[in-house]
Amino acid sequence: MKELLDRIKKSFKIVNEEIKRENFLIIEVEQGDLKQILVHLKYNENFKHLALLSCVDWIEDKKFQLTYILWNYKTKENLIVKTYINREKSDHFTVMDIFPQAEIYEREVREMYGVNFEGNSTQHLDFALEDWDDIPPMRRDFDTLKYSLENYGEREEYDRTNIRDIISEFTDEWRKK
Amino acid sequence: MADNKHFLNDKPEKLTYARVWEKFDNWARANSLWVVAYGTGCGSIEIPPMVTSRFDAERFGVNMVGTPRQADVLIISGYLAVKTLKRVIRVYEQMQSPKYVVALGACPINGGMYFDSYNTINLLDKYLPVDVWLTGCMPRPEAILSAFADLMKRIKEGRADGWKKYIDNLGEYRKNQEKIIKNWKMPNYNW
Amino acid sequence: MFTISDSESDKVFEIKGSTLPSLVNTIVMFFISLIGGFFFFSKTGIYIPETMLILFAGSILIFVLGFSRILQWLVSLGLTGYAFYIYMGNSMSLSQFFLMMILAGGILFLFASYPVSKKYSSMFYPLFLLTIFSMVGISLSKDWIMLFIFWELMSWFSYMIINSSDNAKRASWIYLIMSAIGGYAMLTGIKLLSPSVNLIPQFSAKALSLPILASILIFTAFLVKMATAPLHIWARDAYGDSPDAFTPALSGILSKMGVFGGILTVLYLIPQIKSSSVILYGLGWLGAITALFMTLFAVFQEDAKRVLAYSSVGQVGYILIGIALSTSLGYSAALYHTVNHLIFKGLLFVAIAGVIYRAGTSSLPALGGLIRKMPFTFFAFLLGIIALAGIPPLSGFAGKWLLYTALIEKGWIFILLVAMMASTIAFLYCFKLLHAIFLGQPKDKFKDVKKAPITINIVQLLLAILTMAIGAKPGLLLDFTEKVIKITLGFATPGYTYASTYKIVSSIGYWNAWFMMIFVGGAFVIILALFAINNPKIRKVGQLDIGYSGEVPDSPESVHFGYDMYAHFRRVVWFMIKPVAEGIYKGIYSTINAGVDFLRRFYTGDINTYAIWVIVSLITILYLLNKGVF
Amino acid sequence: MFNKILFALIAAIVALAYGLFLGGLSRKIMARLHGRKGPTVFQNFIDVWKLFRKRTAISHGVMFYLAPTFRFLGGVGTFLLVPIVFDSPYLSNFSFGGDLIVLIYFMVFGCLGMALGASESGHPHSAIAVTRGLSQMAGYELPFLIAVIGIAFANHTITFQGIIQAQQGGILHWNLFQYPFLSIAALISMLGMYMSYPFAVVMAPQEIAVGPPTEFSSEFLSFMFSGRSIFAVAKYLVFMNLLLGGATNLLEAFIKTFILFLWPLFITGVFPRFRLEQSVRFFWTYPVLIGLIDFIGIFITRS
């Protein structure tokens, strides 16, 4: 793992890195370097398999973290490439030309977070939701409770506006025990 | 000839022999309930054991059929995503009256543990008439059998009339359904 | 057997463009017909000429009338009708039977052909009429030479009709080659019958030499027209690509000329052979094998006309079994099935012509759901299919019943087994036709399909009424066949008896057609009435409103099951539907090619070589003359 | 004549009840084989009545509307063509209407009608199931035809009366013992005819929900159900007359049909399912080879 990291460091600028296990490396790169480093990893280090593309919403510092999980069949190594993109305009590029299976992942991220992947023609199609017309539901500024109460309603005898506090009280008492 | 009258729900007590017929029919309906095998949520895994040798729902005349056209009972097994709700409504409208809905678990009643989910409905009876609620998360096959026993009792007493309610308040139900299912494109309702 | 793709066979039988330009066609046709007509008048008896003249002159007339199609249509109809009127009264001999069948069928199919014939050349009606003319000549001829001449005329005219449709060049070429093979075989056989040239061999003439070879050779020609097992390769494409207006005649009448000749052969020639029973048994097996294999091929066709083509060939196989039985009951079955096959197969082919005329295609996967658009065509087609499948109470069943009874009486139970098995497998393509054309999901591109043209509907109506009437009272048809059997074939009884007016009794079974019809019809009406009274409020739901696990299908194509419907059955019978005969013919073809290539070496394009050949041959001839060889 | 019609109607109604009862009984027996309690033996009556009284509001077209009529008529007609009791004036139904060949071809009537209705419903599963059913019919018809033709040729008659007449006088005159190999072939083809379990791919509940009647709702289905019940009884009667020497009184008929009813049932209980080509291959090999033993023997001796 170490020498792999060194080899990558020789040619690319790594913002920070972390060796979780002896076959599990996490590196963070700039958004601009992402494509080159993915190409390098696929064709020179043969990390042929894009296992997952996921997204994290850092609403406090106004960033989306895009996480590409790669897998090397030869050496049985995991490699996570992280990059941060701007949350407001949330513009990113597709990696379909490197990993074609990224198409579906990007469609999902687009639907759930509203990240725009330049060059992915099918990202506007529905992935899990059917004709969703609100802000993307996985953004943390989207209030699911409010949405649920507005759209799906509740029984008259209930009042669920502060149900989250009640639940947290219960859980605190339970933790104390 | 007589049967279409009280299907249309216009005061069957006008003709008395029809009431006798209806009692007999209700007995027959109660004793041969055909369930459309359509698992909607996590509870659908509880239904197959119901017809196995251990629980043997067939001894009550409960059968699994593969098509909504021939079914009497629709089991809502657990939480309903909006996508699933669309299909469920479709299936329910393809079933022929009289038809009954059994809702399993807490989720159809009030959303259950998905009460604040952005794509899971909370109140099933806003969209479909429910004849028997069954609480628990998830109810075991014994509980489902007890629900069927309850449903049979209600049918024999003639109180399981959700389908009549659906026919009468179709507009209201449709309003609720179209509120959450955008661009509604489905064939018309056939009883 | 072109069951798999025709790519290689295309190469094999490839010909560039049309064989003859239509003008040359015309001229050649007129010369041949003139020769045939005059030869006929010089040879034959009294009451023939007027029809001959009528039909022949009529063909010239409507060729002259080429500018207006409707005049051609009316004139040809009138002429055929007049010929039919002339021959109605006469006594019911064998030729009379076939004559009436030809002319009646000709009238019906000519009548139906008007709207369809729009896209054909002005030669269509003259050729159609001349085909009928030559078939009339066949059934009127008194000796083998007449038969041969009109046989060749029929092959030639029908070839030119088939050739007149655009995509049928290759098909008509194969048809012509096979007909030529048959014709030459027939001529050789006739020559074997009468060694001296000026003696015209009558039908009942004692064969002077080699009766077995003669009869086999003559029978070959008829087997080619019947398209029995090894000689069937022309049938599929010739039926499938021929003009839609002519296909009913091709299946209903023209293939029956083979039946006519077959009856003549079995009646007059085969008995002169010592071991005739063996020959007949072989013919029976030939018919059974044809019925079985053609039915199997029909199941796996994807084009309506090709399915019906193989189906007709298989049905003619049943007729061949009936002939080969050569008992009175067998002849009854054969003759009955001949007419009956004309009725229901004509009905089916005419209906298909209407479908093609409206929907523009006859490929089964492309069609579907046409019952909503052309309901009348559907119900006529349904009756035709029920008759074809031989389900009582329609007319198709009587033929099967007679045939099977005759087979049991004769004791050919293995042939009976094969034949009944074939008719069971026939249900497969019967359902396939009905489902893929008329039922299932209607495609969007057929939204504006209109009803079939009126003439086609009229013909369908007539034929449907005929199937139902004959099904209810087979006597309508069996009286004719009985007369034929008593007059020409010389049997005392037809092999069955009428117990009551409608109950037919053979020596081993009985069958009450009228009762079946009344019982089925009555019970059907009663049950339907009960059902309808009990459910007054049934509404018709939308086309795509099916239990599709909660989904609404996005397109009819996605839920229409129309292509390769019997893939599972193919996995069982794959070894029976291999194109064996095609391979054989290809082998012959390539052998001939090789031989011709060898000959080509002597014919170098060089003039000197030819000069040398000429000189050498002259010297040889002179030498032989000196020796006094000649 | 009127009496004959009256008796035939009564016989048809009795046959309907008997068929429904046998269906319920088979469900009960299957439940016992599974170690379940199972429904009551009258469950099928309840089902048919419920379906009959359900609301019937939808149709997919004319053939769809006619299909249950076809099916019911196919069942009743087949039943009425078979004599129940040998040369009894009334209980031999309308068997004067036709002989074995008429019957064999009339058996297809109901199936054809139902097939057309099912395929007009436009549901792909229906058409798939129909093609499977037809292919399977092509499979099991061969041994059945061997048996029928063999018996008919041996007795030189294709009338039921003649065949039953030939089997009178002692149990050993039954074709079951006269021609044991033909009988084995016929009994194996009977399994396919009843779609009992190794050959149940037509209705395959796992792949194509309920086979042809996928789209048929309440009263359509009840008519088809009744038609199938009568059809089943009719086929039991056919096999009884062919193999078990007919019946001389009603009780005998009931007993023999009941015995015939048990045979496919117990096969059903213990077998998995064949694919279609497997079942057709099976029908075209083993029962045919077995049947041909007697067939050839008859062919040699009788001709």
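By letter and in written order, the chains are A, B, C and D; residue numbering begins at 1 in each of them.
Quick note on the criterion: a contact is a pair of C-beta atoms (placed from the backbone, for glycine too) under 8 Å apart; a residue touches a chain by one contact, two chains touch by 3 or more.
What you see is a predicted model, and the numbers here were worked out from it, not measured in a lab.
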Quick one: most central chain, C-alpha centroids?
D
Pick out whichever of the two, A-B or B-C, is joined by more C-beta pairs in contact.
A-B
If we define chain centres by averaging CA atoms, which chain lands farthest from subunit A? Would you check?
C
Counting only Cα atoms for the centres, state how far subunit B is from subunit C in Å.
59
Euclidean distance of C-alpha centroids - subunit A vs subunit C, Å
71
Centroid spacing, where centroids are CA-atom means, of subunit A and subunit B in whole angstrom:
40
Rounded Å distance between subunit C and subunit D, as computed from the means of their C-alpha atoms:
37
Which parts of subunit C, given as residue numbers and ranges, touch two or more other chains?
534-535, 537, 539, 541, 544-545, 547
Mind pulling the residue numbers of subunit D that touch at least two other chains?
56-58, 209, 214-215
Of all possible chain pairs, which ones touch?
A-B, B-C, B-D, C-D
Enumerate the contact residues on subunit C facing subunit B in the complex.
533-537, 539, 541-542, 544-545, 547, 549-552
Write out the stretch or stretches of subunit B touching subunit D in their complex.
3-4, 7, 25, 28-29, 31-32, 53, 56, 58-61, 65-67, 69-70, 72, 96-98, 190-191
As the complex stands, subunit D meets subunit B at residues 27, 31, 34-39, 43, 46-47, 49-51, 53-58, 205, 209-210, 213-218, 221
In the complex of these two chains, what residues of subunit D are touching subunit C?
56-63, 65-66, 68-70, 72-73, 76-77, 80, 94, 96-102, 104-106, 108-109, 112, 115-116, 119-124, 127-128, 130-132, 134-135, 137-139, 141-142, 145-146, 149-150, 152-153, 156-159, 162, 209, 214-215, 219, 223, 275-277, 280-281, 284, 295, 298-299, 302-303
Subunit B to subunit A touching residues, read off their complex:
82-83, 86, 110-111, 115-123, 126, 179-183
